[in-house]
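Two complexes follow with chain A in common, the first pairing it with chain B and the second with chain C.
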Partner chain A sequence: MSIIIISSDVREIEEMIVGKVAEEKGYGRLDRRIINDVAARHQVEPGRLIEALETTPSLFRKLSSRQWRYYLSCIEADVLERLLADNLVCWGLAAHLYVTDISHAMKIRVLAGKSSGLAKIAEERGISLQRAETYRDDEMARRKKWSLAAFNQDETDLSRYDLVISLDQIDPVETVRTITGASEYRKFQVMTYSMKCLTDLALAAKVHAVLLKSMADVKVQARDGSVVVSTRASTRQKRKKTETIKALAGQVDGVGYVEVHVKKNFLKETA
Partner chain B sequence: MPIITISRGSSSMGKAVAEKVAARLGYRLISREVLLDASSRFNVSEMKLEKAIHDAPGILERYRHSKQSYVAYIRSALMERIVDDNVVYHGLAGHLLLKGIPHVLKVRINADMERRIKIVMERDGIPAEEARLRIQEDDKQRRKWTHSLYDQDPWDSSLYDLSICIDKLSVDNAVEFICQAAETDGFQATERNRNKAADMAIACRVKAALVDDFPHVGVTCEYGNVLIYVRAKDSVAGKLTKKLNQIRETMDGIHHLETHAGVELPPDAV
Partner chain C sequence: MARSLEVLLLDDEPIVGRRLKPALDKIGCQVEVFENPKEAVARIDQKEFDIVVTDIRMEEMDGIAVLEHVQKKWPRTKVILITGYAKMDLAREAMGKGVFDFIAKPFRPDDLRRIIASAAEALGMPIDAASPNDETVAE
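Let's turn to the complex of A and B:
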């Protein structure tokens, strides 16, 4: 009983490994197929959610920073809620960046490696190996930039993962065997405490998404149904913002108590 | 059977993992011996060699090229040790020094910062803040060293075949993964792989013999045929001819030796 989160530098490889691990373990798959449900639940366009997962805010694409954060928070809230079901292999939803400190969530990074990965890119795009390498490096830099902007986490940082496997010399069959074997370890089994941490994380994400719909710059923490929201506001707006946050957060299922911490917004104060 | 290099940040349990892997597979375990070999063979103090492979080059060293020489000595000594394979190397920079040999399983062990701090506190009897600073300084030096000599980041995932975080996973789990990976086909010492390692050992030996006088030299070797790449102005020096004659006479395994001057170094040159 565990959650396996897989990410890779090449999407096709990620999908292939996820499929095999899920099949081997008899787990369900949590991937971008949920986007339509998320979009319907939050009444946004599915295309915008996919766009938020792929790109950073841009004036040219008419995607503001606030919208972008809201779309990401919708996905995060939904994914975390679904992860409570357990026995899942999750990929393609950036879960490796926001599922933090959950001991039964095993995070794996599979690297395509120089030889096989580049050959795959070159074949798919009909380009030379040299151009494929440049393409891959650019893509890695773009993903790094995206992950830092979206969740303040570097996707390429080795220490973020429990296991990083390069497919240069280790074949996919061995990789799948290693991942499934590791998922059996005691440390990755669900415990009451790790489940509680995931429940808290899911509740915080749900409240975060509700608040980001109408305001920016909020941070949310949750513990046993009590929610602490940190935000910024000018002295004039402080009371109103606190009341709005309490009203909005209070409507979310599972929230018992809301505490709001408001810091002074010096920029608005001077304006 | 493969050669396994285990790289890690300081106090990240890499040594414990290496010892257990070597014991489980019945491989030789090497680390400091390489420095001792290099020290006695090239007559340089062990301390200087250790500093060369640990600390980033200072401004003066960049001009004197002493660090390049020391690294070439260490690389040559390491190649001699691993050429017969069945080895676990857990000294510094193994993944970079053995680059180009196909049957090397390159492993990185990471540990959570708090755990590393705890280990240093217990080992050195110092407070947490001092331990943190010590680890951070060590990591910084590793980063600078790898950048200055190999233009790479030690935390770059593409440098390793397997990277294991000793946080939720235990030392024994890591040992299990490494032993499993070592058995896969990609890391087996085939005849071709062994020849490549032997050629690399020759190239490293030649480089170590030349690097003092010609710090920009690059060497490749294929089936005992050695190609030496030097700058155009070095090729006219009588010293080079003299050195090459000496190499021809004293080194085993060289069938043919050729010099290329003013040509760009190939990527596989040591």
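Let's turn to the complex of A and C:
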């Protein structure tokens, strides 16, 4: 029993590998098909959630940094909750960036490489291989920027992954076999500790999403139903903000205790 | 009548054994408690336990070494690691070496009973782990 999280520098290849791994393992797939459910649950437009996964905040798109973080937090909260079910192959939801320190979540990066990746891009966009390479490089730079802004993680840093496969060297059939084989390693099997870590992470994300709906600049940690929220506020607002956080977080299922740490917001203090 | 589950419990903090032994007694386990890993290993050399529950970080010998010793001597025995210093790398190392389960302190005795019950099931000696709520085991 485990979770397999796959990401790639070419989405079509990612989807193809995910489909085959899920089929081979008999696992469910967790992907963007959940976006409509997430949107309904948090009463936001599905298109805005997809936009948040693809782009960084911009005045042109009328997407503020605060909205963007809220949309991402909604996705994160739902994905983590669904991952508690186990036996899933997850892709396309940026889970490789926020499912951290969970020993039974195996993170895989598939590098499309020149032969298959660029050919696929060139074919789909009707461009030359040279232009496809430029397009892919630009896309990778954009994803790096996005992942750092969204989760302070560089998705192009290969040391973050448990397994990295280059399709230039390993063909797709062998890639699927390698992934399914590696997922059988005992190291990636679920244990009481890793399930507890995932449960804590999911609860923190749920509280984070609830708080980001009405405020910015909050960090949340959870352990065994106890939640610690760190935020900033002016001396004048400190008490009110603490009460609001305790009230909102306290309503979340699974939260037993809320502690709020408020640092001084010097900008508002001097304003 | 089915025989009791034989459990060796090793933690250099005396309070852990004091708290957990009665909790495991309640579900019908025969528990031997040790605070010194060398003494525990000497006992393991003498007797095949069904389950060994051991802390990881101990002065004279760590829990991973205890796990390896048990596996060499009694491959059937299930080993459960408990630690107050859990990290993903350590958890993966322990799983890779064949530990049955890994649990971070603090935990409730009920959490350990659940793991003991699933180890018992894997050994073909199912037990009923249901018991009233208990206090959390200190970190």
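One rule holds for everything that comes next: the second predicted complex is superposed on the first by the 271 of 271 C-alpha atoms of A that agree within 3 Å, B and C clash if a C-alpha of one lies under 4 Å from a C-alpha of the other, contacts with A are read in each partner's own complex, and residues count from 1 in each chain.
Keep this in mind: a residue touches a chain if its C-beta (ideal position, glycine included) is under 8 Å from a C-beta of that chain, and two chains touch if they have at least 3 such contacts.
These numbers were taken from a predicted model, which means no experiment stands behind them.
After superposition onto chain A, the modelled positions of chain B and chain C are compatible, with room for both. Between chain B and chain C, an angle of 90 degrees opens at the CA centre of chain A in the superposed model, to the nearest 10.
In the superposition on chain A, A:Asp101 contacts chain C only, with no contact to chain B.
Residue contacts after overlaying the shared chain place A:Thr156 against chain B, while chain C stays out of touching range.
Contacts of A:Arg109 after superposition on the shared chain: chain B is touched, whereas chain C is not. Look at A:Ile170: by the touch rule set out above, it reaches chain B but stays clear of chain C. Look at A:Thr178: by the touch rule set out above, it reaches chain B but stays clear of chain C. When the shared chain is aligned, chain C comes close enough to touch A:Thr192, but chain B does not. One of chain B and chain C touches more residues of chain A, and that partner is B. In this overlay, which is a superposition and not a single complex, chain B and chain C have their closest Cα atoms 5 Å apart.
Put simply, chain A uses residues 103, 185, 187-188 to touch chain B in one complex and chain C in the other. Put simply, chain C touches chain A in their complex at residues 86-88, 91-93, 95-96, 98-99, 101-104, 111, 114-115.
Residues 101-103, 185-189, 191-194, 196-197 of chain A touch chain C in their complex. Interface residues of chain A facing chain B in the complex, by the touch rule stated above, are 103, 106, 109, 111, 113-114, 156-159, 161-166, 168-171, 174, 177-178, 181-182, 185, 187-188.
Residue ranges on chain B touching chain A, taken from their complex, read 102, 105, 108, 110, 112, 155-158, 160-165, 167-170, 173, 176-177, 180-181, 184-187.
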